[in-house]
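Encoded as structure tokens, here's the structure I'll be asking about.
Each chain carries a letter (A, B, C and D) given by its place in the written order, and its residues are counted from 1.
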Amino acid sequence: MPHVSDTATLLIACPDQPGLVAAVANFVAGNGGNITHADQHVDAEFAVFFQRVEFELAGFSIPRDDIATRFAPIAEQFGMSFQLKFSDEVARVAILVSKASHCLVDLLARGKNGELPARIELVLSNHADHADIASFYGVPYHHLPVGAANKGEQEARMLALLAHTRIDLVVLARYMQVLSAEFVAHYPRRIINIHHSFLPAFSGGRPYHQAYVRGVKIIGATAHYATADLDDGPIIEQDVARISHRETVDDLMAKGRDLERVVLARAIRYHLEHRVLVYGNKTVVFA
Amino acid sequence: MPHVSDTATLLIACPDQPGLVAAVANFVAGNGGNITHADQHVDAEFAVFFQRVEFELAGFSIPRDDIATRFAPIAEQFGMSFQLKFSDEVARVAILVSKASHCLVDLLARGKNGELPARIELVLSNHADHADIASFYGVPYHHLPVGAANKGEQEARMLALLAHTRIDLVVLARYMQVLSAEFVAHYPRRIINIHHSFLPAFSGGRPYHQAYVRGVKIIGATAHYATADLDDGPIIEQDVARISHRETVDDLMAKGRDLERVVLARAIRYHLEHRVLVYGNKTVVFA
Amino acid sequence: MPHVSDTATLLIACPDQPGLVAAVANFVAGNGGNITHADQHVDAEFAVFFQRVEFELAGFSIPRDDIATRFAPIAEQFGMSFQLKFSDEVARVAILVSKASHCLVDLLARGKNGELPARIELVLSNHADHADIASFYGVPYHHLPVGAANKGEQEARMLALLAHTRIDLVVLARYMQVLSAEFVAHYPRRIINIHHSFLPAFSGGRPYHQAYVRGVKIIGATAHYATADLDDGPIIEQDVARISHRETVDDLMAKGRDLERVVLARAIRYHLEHRVLVYGNKTVVFA
Amino acid sequence: MPHVSDTATLLIACPDQPGLVAAVANFVAGNGGNITHADQHVDAEFAVFFQRVEFELAGFSIPRDDIATRFAPIAEQFGMSFQLKFSDEVARVAILVSKASHCLVDLLARGKNGELPARIELVLSNHADHADIASFYGVPYHHLPVGAANKGEQEARMLALLAHTRIDLVVLARYMQVLSAEFVAHYPRRIINIHHSFLPAFSGGRPYHQAYVRGVKIIGATAHYATADLDDGPIIEQDVARISHRETVDDLMAKGRDLERVVLARAIRYHLEHRVLVYGNKTVVFA
């Protein structure tokens, strides 16, 4: 969505109660803001209220550096947790990848075409294969081999590189190494993984082989936040494709690559446009 | 969505301007209302604002008969057109049908199962075939044959029956007669038609034959409000199914029936839950 | 597909080897038969060959009662197992159903409209609720209550009714009782169940609740042959629908009903048109 | 599908008549060939028979250079037109592209990853923008500006380059210039275009704008053989994506890009694996 001017986005979660929408709307309208997008959701089971409000900074009477402070009393009154984001802050993204390059290449091309509201700052891989394409797109590439012997050390090096580059979002673009709970804890809800199955079906390794053996008629791909429990984090996006008995495991993998690319790119975009709220193990996606 | 109590729903359209969300939210919250669902949309091209706000009547301090009057000043201030609906007002629906019964039978069964928030009060047909199934579901059935000679007269009889039964919504469930502009004008945006193609492709007659001849790989169905220009009204819902060269016209028609049933039922539910706003020749569907 | 004349269908499975297609084609062509549909598949992993050949009986020089005998030497030569079916033999179907009636009503309507190549001969239910609709369609209805105390006895009564009515195919149209291995063994690959999830995800009870808790973005339905291991039999057909955080468990169940109806009807049609071959725990569906 | 050995593929079309399948199967089996894939289709309307037979060259007693000659008498007997293709003959592909690079980049990456059974030999563009990415993948790039004044001349230069490079297949990967009938005539059924709509809906220019104005709920993309009549050639593949009122024209274009990439790649693969037969204005795709 093209914006006439830069915008601020409030992402809010709190216990459901009367007056929430009015309080936030008054804060924006009372300070001269124009809401360009607003969406809310009440989870009836847990009585939690979620809201996303995006408004133009042009004409807003509160300086951007003071908006959070000025909103804090409203947040306190209703017990809100909130995030405040600005559309001109471009996120810094790192991509982790192993052998298969299809998601990496797709994301690099999207980055260059302006299809992702982000800068890809870093590519890390346990293989050397993708240095040339990263270089073509002008993105630093680090080859960090990993084995049973150096796993902790390799993760430490990756964390150092991520920290040094001030990365906001880590994308596991078919990174086939299991990350430790410690690693994941450094980027809570800021690591997005693409799993090559329609989770929760076929979690674990070699999902296309599992799908082939089970004889399903539809395969899928799932983008989710990484958590300590592998393949179990909050799902952001999924998609599927129909298959038949004619298709071999290789055919499933080929169809799967097309799903993985699109599902991962969509999930990253939702995250970067501040459209995703996590609660428990689920997401609200204000798409 | 099950409601703890009865609700009121405001459907609003007006020129986009700052303060709209706050004004409506304050009206609800300031009178003790609890918003259970709210959604809004700004059409950037025409600068039109659309909103759907649903709130609980329990605890709301304005008597339901006075809500519209009390909201009127706000509407006037912002140049809003608005509708006010109550969840305990069950819509009265008439179904028009010709030879093919699959949509009729599906809707009657949904009506009985509580899958449609409506009472089916009337079935009108230019054929006698469906009297028994209508009777099974306890719905009056009128056989009104039509030909070139009596078209005006038959429409007049249908209009009389619709008026006498105080029908809110007319559903064309594969009614294969072209309705006159005069007929349609009696129920603006209150006649829903199911067209058996993915409009605007294959408008007009025999769309499955057209699709077969053109060799498309996907067919569809479209539910839309009927307008004087056939097949050209605002689209409410569409869906599609993949086909192959193996499928004959009869196969397309069979697959199409499954699409038509579901697409028509979805569109009717959106309309009856007051989720649809029409502007120009398009719809906003707050699904 | 409408046939000019009645047809015979050969369904063949055997070890893959050169000359199979030629041998079968020569058998048909050499006896004056015209093939109207042929499809084959080789499972590369197990080196098994599958074939479906449908040919017109008109002009075929072997009397229909002798075809199997005359084909037997070819079958023996190649180690084939085969089935021979005639298009004018209409299958006899029984439907088992519990409380939810949407699949039952859908199948009865399809049966009447000629959308299923079968006669529905029997409806069995552990509830009394659906006697009226079965009666409307002229199908005998048996109410067979079941509890822990009489489970064996109830199954025995069902088996007796199925046998007495010479049922070819048993459809579990949301029949919520677990059938014993003994019961299933009476109708190997002739019981089709609709499971209200995208198997293997959410096997077991209350799948829509499971899907809601897991926060998936897509739900599904699966039609499969019933085996002794619940929800684990060969999958015939699946389909899916997109959902969002807005949807409650009730909404998932409503969307699911639309999937279940269509997926179950498709699987039954594939089976009745002799398009399904089972090997191991998978199916070949010559759709 | 990975093959143990190289294969030959026969693509056959002829008037439907008894004995066709047997004749072809005998030709293969009688010469020691093993069929790895066979599929056939009869168009009932036109009584035309189509077949695709793929068999292993290893063990086949006829030298590959003599296969066509030896098959000719069978073809003559049944009035067949046929093509004979070998799996080790890698097609030579040229890509024509204008400003938008998403399909070009996708195809180049697939080419490198072995996802396309072809060599991309040439990229031609009326813009200079994509020389760097073509160069990265080692593919010659020619910038051939075009305007009203030099259209004939530019086409002549393109034809010369295509001829000189002995191109088998021309891919219009969002090439936004209308090609003359003369140009198209040089490569009958060997030019594949991606149209950014669900044809026949929204043929012509700016289809995403048309879709936005019409208010459809689903958009699509169509890959088809180019013919003299623009957007009217035989359709090879289509796919669709759901949209809502929230999406701007830019959003439609972004979703569309994901469709276009996948639909075009699938159509190219079908063509290159000799899975497509054209008759009249339709295709049989033995997928």
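Methods note: a contact is a pair of C-beta atoms (placed from the backbone, for glycine too) under 8 Å apart; a residue touches a chain by one contact, two chains touch by 3 or more.
All values reported here derive from a predicted model rather than from experimental measurement.
Across the two interfaces under comparison, A-B and A-C, the one joined by more C-beta contacts turns out to be A-C. Equivalent interface to A-D within the set B-C, B-D or C-D: B-C (over half of contact pairs identical by residue number). Two copies of one chain, chain B and chain C, touch each other, and the residues they use overlap strongly: the shared fraction of interface numbers exceeds half. Centre to centre, using the average C-alpha position, chain A and chain C are separated by 41 Å.
One inter-chain figure worth recording: chain A and chain B are separated by 37 Å, centre to centre, where each centre is the mean of the chain's CA atoms. Shown for chain B are the residues that touch two or more other chains, namely 1, 44, 246, 248, 287.
If you check the complex, the residues on chain C that touch chain D are 1, 18-23, 25-26, 28-30, 32-40, 42, 44, 242.
Residues of chain B touching chain C in their complex: 1-2, 101-102, 105-106, 109, 113, 115, 132-133, 136, 246, 248, 250-251, 254, 257-258, 262, 265, 287. Per the touch definition, chain B reaches chain D in the complex via residues 41, 43-44, 198-202, 213-218, 220, 234-240, 244-246, 248, 281-285, 287.
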